[in-house]
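Next, two complexes with subunit A in common: one pairs it with subunit B, the other with subunit C.
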Partner chain A sequence: MSTAAPPELEPARHFPSDYFPSDYFPSEDEYRGLLNKRTRRARGIHMLLLLLLTTAVLGLAILLYTIVDDSFGLVAVVNQNEPEDVLAGYGYDPDVTVLSDLNTEQLVEVLEGTVSSGVGRRLEREKRFFEDRLVFESQETWGEICASSDAPPGCGGGVRGKGDVLALVEERVIAPDIVAAEGMVASIINPNGFKDSVEADFAANPASYGDYTYDQVRYTWRAWFSWKFVTTPASDKPELAGVRTAVLGSIWLVVITVLFAVPVGVGAAIYLEEFAKPTRINDLIQTNINNLAGVPSIVYGMLGLAILVRLLEPITSGSLFGAGAPNGRTILSAGLTLGLLTLPVVIISSQEAIRAVPNSLRNAGLGLGATKWQTVRSQVLPVAVPGILTGTILAVARAIGETAPLILVGAASFITVSPNGPFSQFTALPIQIFQWTSFPQEEWRHLAAAASLVLLVLLLTLNAVAVILRNRYSRRLT
Partner chain B sequence: MNDTPESTVAEPAARSFNVHQPERAPQGTEAPAGKTGVIETINMDVFYGDFKAVADVSMTFAFNEISALIGPSGCGKSTVLRSLNRMNDLIPSARVTGKVRYHGADIYASSVDPVEIRRRIGMVFQKPNPFPKSIFDNIAWGAKINGFKGSKSDMRDLVEASLKQAALWDEVKDKLSESGLSLSGGQQQRLCIARAIAVQPDVILMDEPCSSLDPIATLRIEELMLELKENYSIIIVTHNMQQAARVSDRTAFFNVELDTKGQRTGYLVEFSPTDELFTSPKEKATEDYITGRFG
Partner chain C sequence: MASDVGLSDAGMEQQLKRKHRPFERFIVGTLFVAGAISIAVTLGIVWELGSESLLFFTDPVVTIGEFFTTTTWQPQAGVFGIWPLILGTLYITVIALVVAVPIGLASAIYLSEYASARVRNFFKPVLEILVGIPTVVFGFFALTFMTPLLRSIFGGSVVGFFNVLSAGIVVGLLIVPLISSLAEDAMAAVPNSLRQASYGLGASRLETSLRVVVPAALSGIAAGIVVAMSRAIGETMVVTLAAGASPRNFGFGEDALFGTILNPFQGAQTMTGYIAITANGDLSYNTVDYNSIFAIGLTLFVMTLGLNSMSRRIVRRFRQEYE
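And then the complex of A and B:
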């Protein structure tokens, strides 16, 4: 963009002044001045927009940096029992054997030797260790509690796998206690700085570390965000806590949300776009749907609590179908609440996608003697599917991150049993993150960051699936 | 969109479309000697809401004949055409009064399903609009939804026959599974004609079928129309008077008049054999139009 006048440009020739009086327009010199001004203005706006974009990108980058930084790093740990000592105590050679080499029987033996019988019984009631024998409970009491009206989940069958038992040994026997943790970048750049600060803190405030001495402290690199973190159930010890229950809860919620919102939403959109006549009632419905899309999620939570959890309790608790949830605070209630929350957005985006299909296709279909539905089904919908998918995935992405309605509908903040059906109690990733950030100890902050990362990965996976589906569909059309 | 037209004509159920055998003598403008009337309109008015778009059209379209509708912009040629197979029903405010008979039966009678009308009176649109599907499916779909009972190889035969009739077979026989959208504009329009033929109509309405095509593609479509005339009745709306002169047997000239409120209503000026209309028009308005004095 040159602001100087190009020298080869001749003065503009004006129309005869009878038609357009030439003094309506600026003179050549005035025009150059104005042009300079306009060009400067355009450049200024250009820079401003770039600045705004940079701000947005920077904000997002900082957010991601914080989450990733907290998800990995050095930790200072004090083990209640060193793994080597435990192995040696049961007659294994700690130089060649590690805990994960032991089989389930051997691990249960280690566990049996350490935990109290009360804790053992609780673990067994959650899920049995063996099919053929009981470890902590006696046969008679087991029969009794399983016959009672509120039988624990362990009575329902299934046994703990080796990974499960190994986690229990690490949690209950080794019982590591994280005393300090550091972010990823600081751990890489200056690991000794962290160690020095822990040592200094031990010297300065020995009282805050209880019985621990600095000699007991081990430093390890810890990936808070790891496959183990994803597959471990929740725990009250940050060292051992994972998000399996929350991830499964979130996946169940997404499935129920999609199963409810997509057929209902797309169906409603097809009706409104293709079949509804422009009557006053239909206009009213349309306006209401548009407004519902903007209703705060907490309001949907209230609706879910009042209608789904309370009024429809026989259905949402599953008691009508013989499934036994104690109340309506189940995955089904929460999933349907999120489905209702998503519904207006699904309807609106599907309507837009359907509306964008050129009318020439409808004319072509109807002109061949197809009924309206045949035309919609075979010609309009296939073209609209990519758009519908895009809108749906955005809506579901919003639902997966929702916290407020889940709190109202009764997500549990701490459960260790994975949900196994629509009538289970549940928790979800955002609830877990919210819960963990409210704890004072530093470790929970790292866990919350790692859980946020899990949530982001889950979202990206969902989006990727949608994009792949959409592209495959679009390719088939052209 | 509204699918139930508000027809003021309430005729008792007389719906037998015995192709080639009209039940009664044609009314309105007579079919030419030796020809059979297929569609006739009797005092047909078309309204959009309160606005009368076309007034008092009475004409008879004959079998084995190409009828061209010409006239200045806004004179209602396309409206008339779309009224003949009830495509106007798709416009919620559109309304037809008077009678439109197809093989003697009133197509706006309440007992008639517009779906059946559109299957028998096919349509080709101004802009080629193939479905975003394979060439094969473009043609097979119409037959399928209309209850095609043949085997897969019968369907292949139908597709081949339709494409051959539309003079497209040689160009696409090796790429039937490719998208209809991959063809050129002229090929797409012939595909649309093949698609219309495949559902076995006996009338084909064409709404400016060549207006988005180049002269060579236009020529091919015109040749095709002359071939199709052997088996079908073709009614074409065109802005191109040379085209009407080249292909049509009879030409209808529509004009437009302004009423006191400034509304433009189209009306039929004359419907004559094409050579007659272009050489010795009966009406002054026709002569003015074809000699380029207005329009």
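And then the complex of A and C:
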């Protein structure tokens, strides 16, 4: 047996020079250069990301700016009758007296002297001027029309206040006609630029101003968005138009939407989260709800048109209950359409809220011998309410802004009578904005901006309510 | 044993049986009906779109073949080819995506990977406000700000009063928050261990975001973009107000592609725009016009449904399960 030769050792190799060629690694300078490049690139892309994100914020800022800017500003007005002339015509001194100094009696006299008797009678039938006497109607006809079956609201009593009459005088006697309007910022920064451009336009296209001459033009500051704007009904004259009818219509719609979507939506969510066993039909319901959430709103409008407005006309027009809408294009149809549209969103957000309730609560309830429904009602739901409420309010806020479905179910574009029940014809804020935006004249654009502002304020209030309710409830429960 | 609690064996058996609770069953039944209403809604949509479309296609004026092959939409002349409307819809959708995908993705990456709590608390509410603004207000914005802006940049003679570019950009702004919130959710779902592994190997924040987090969240991001696309296709008010009411009828002539088909500065009616404009007047039932909106609605419904189920399939199919 010979002893084995000791294994031959490999010559020692040193890291890294024996493993890598000498130029494999960058030199110190090259390394610095590469590192700088890497840092620069990272910083550049960081800036790019921030820039793109800022673009979105900028978009929102410009949008809000556009709306606010158009909601206020200078207007160029031509009055049919100058207030000074009117005052002088009735023997007042225009240097010391202004219209608002007159009392109701005197204002009615001015009104009586200008408006036609037909218009006067219509105004009086809306609401009387005086308790003790009639201005435009004769006593006999007044008695007759008030005795008839469709007596006008004026018969119900009540008289116009001074503010009301003053507004009528301004509307009917002064009768301002807006010929041009400017945005808020331009009006503040450069009011003379606006005046010069109106003057130049008068010189260039006199035909587009009809009988007016530039001497008649008066400049005043106008807040298109004002409390008066919210409380005035629609009109075909931009200087007199308001959104009362539209706001009331929107409120009616929301009420019906909530009455339908909340009970059904929360019920469906409770069923799916607490009671549904994973059978085929329950899976189908869940998939179906997810699909419905992605259906474009205009398709819901078509559903409303074909089924609620047309097929169910006897119900939605109210003729089944003796209410007389001419067709199914009523608040009820539109409210239910919006309810169907909101339903999947309400279901999904309520499901999330219910799912977030810890299982220990359910187990404790069941362990104490409560039935499934008792557990759900007194343990699960109270904890889930804040989440359900928030989700619902956000869904409803979305429904208020929906326009396309309302166009389909036949919101009237021009309506001055306030809705008085689920079977009335209606218009809504978004519809009004849509209509005014699509008119070519500039004045309507300012009205659309002001109406948008009203809508945004409404939505902001709703969101604030959602936040407050959520905070309040969650404090109480935990 | 049973006698200890005062019950016979038979009585015990009776006690352990499921108790009949009519009230409980009534409640569950009611809740089930509430859930089933959603099925009724879907059936209603399918039935109403289907039956009215059937009336449209059985009308002697149009055949289903013509509807899907003709490139002219002229209801007044009785020519119903849906392609001009689809062209308008897709064109605006593409412009919207070109605007919204970079902005939405950048916002999501920034908010999820870079931003400090303070920066997040500023930007998140802004994006949420953007979601809450009604689309008709966006339409107003397109018409009173974006269109005049484009006209002052490119010249009033080049850019029409109604144009697809303005509508597309504003629809893009509208879907930015949708993309950013869905993409952010997807990126938030990527486990932190992946990020830490990447940092541990010496990657920078940028390299970690773009090479690790984004690829890991890709299925969710892609699904979000598809959902946003479906939303853009179904968007109505902006396109009705800003893109006009004339369908972009086209032929396949010499310079049809850039002259008419792809000109971003002229208007184009979309599917939703046609439905809204047609329904806005007093539309009488059972006319060809009335039935035509349902045929278009059906096409729209199928397209959006397809995209939405595609987005769910993307998530299911390509989702990587970590942990």
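Side notes on the structure shown:
By our rule, the second predicted complex is superposed on the first by the 338 of 478 C-alpha atoms of A that agree within 3 Å, B and C clash if a C-alpha of one lies under 4 Å from a C-alpha of the other, contacts with A are read in each partner's own complex, and residues count from 1 in each chain.
What we mean here is this: contacts are C-beta pairs under 8 Å (C-beta built on N, C-alpha and C of every residue); 3 or more make two chains touch, one makes a residue touch a chain.
None of the values given here were measured: they were computed from a predicted structure.
In the superposed model, A:371 makes contact with both subunit B and subunit C. Of the two partner chains, subunit C is the only one touched by A:299; subunit B is not.
When the shared chain is aligned, no partner comes close enough to touch A:35: not subunit B, not subunit C.
Touch criterion not met for A:469: it reaches neither subunit B nor subunit C. In the superposed pair of complexes, A:361 makes contact with subunit B only, with no contact to subunit C.
In the superposed model, more residues of subunit A are touched by C than by the other of subunit B and subunit C. In the superposed model, A:278 lies in contact with subunit B only, and not with subunit C. Within the superposed three-chain model, A:145 lies out of touch with both subunit B and subunit C [touch as defined at top].
By the touch criterion stated above, A:403 is placed in contact with subunit C alone, subunit B being left untouched.
Legend: residue contacts after superposition of the two complexes on their common chain; A:417 is shown touching neither subunit B nor subunit C. Counting contacts by the rule stated earlier, residues 275, 371-372 of subunit A appear in both its interface with subunit B and its interface with subunit C.
Of all residues in subunit A, those touching subunit B in their complex are 274-275, 277-278, 358, 360-372, 374, 378-379, 382-383, 477-478. Of all the residues in subunit B, the ones that touch subunit A in their complex are 1-3, 85, 87, 90, 92, 115-116, 118-120, 122-123, 125, 127, 129-133, 141-142, 145-146, 179, 181, 192, 195-196, 199. Taken together, the subunit C residues at the contact with subunit A in this complex read 21, 23-24, 27-28, 30-39, 41-42, 44-45, 48-49, 52, 102-104, 106-107, 109-111, 114, 123, 126-127, 129-130, 132-141, 143-145, 173, 176-177, 180, 204-207, 210, 227, 230-231, 233-237, 240-241, 272, 275-276, 279-280, 285, 293-294, 297, 300-301, 304-305, 307-309, 312. If you check the complex, the residues on subunit A that touch subunit C are 38, 41-42, 45-46, 48-53, 55-57, 59-60, 62-63, 66-67, 70, 263-265, 267-268, 270-272, 275-276, 282, 284-285, 288-292, 294-303, 305-307, 310, 340, 343-344, 347, 371-373, 394, 397-398, 400-404, 407-408, 410, 413, 430, 433-434, 437-438, 445, 448-449, 452, 455-456, 459, 463.
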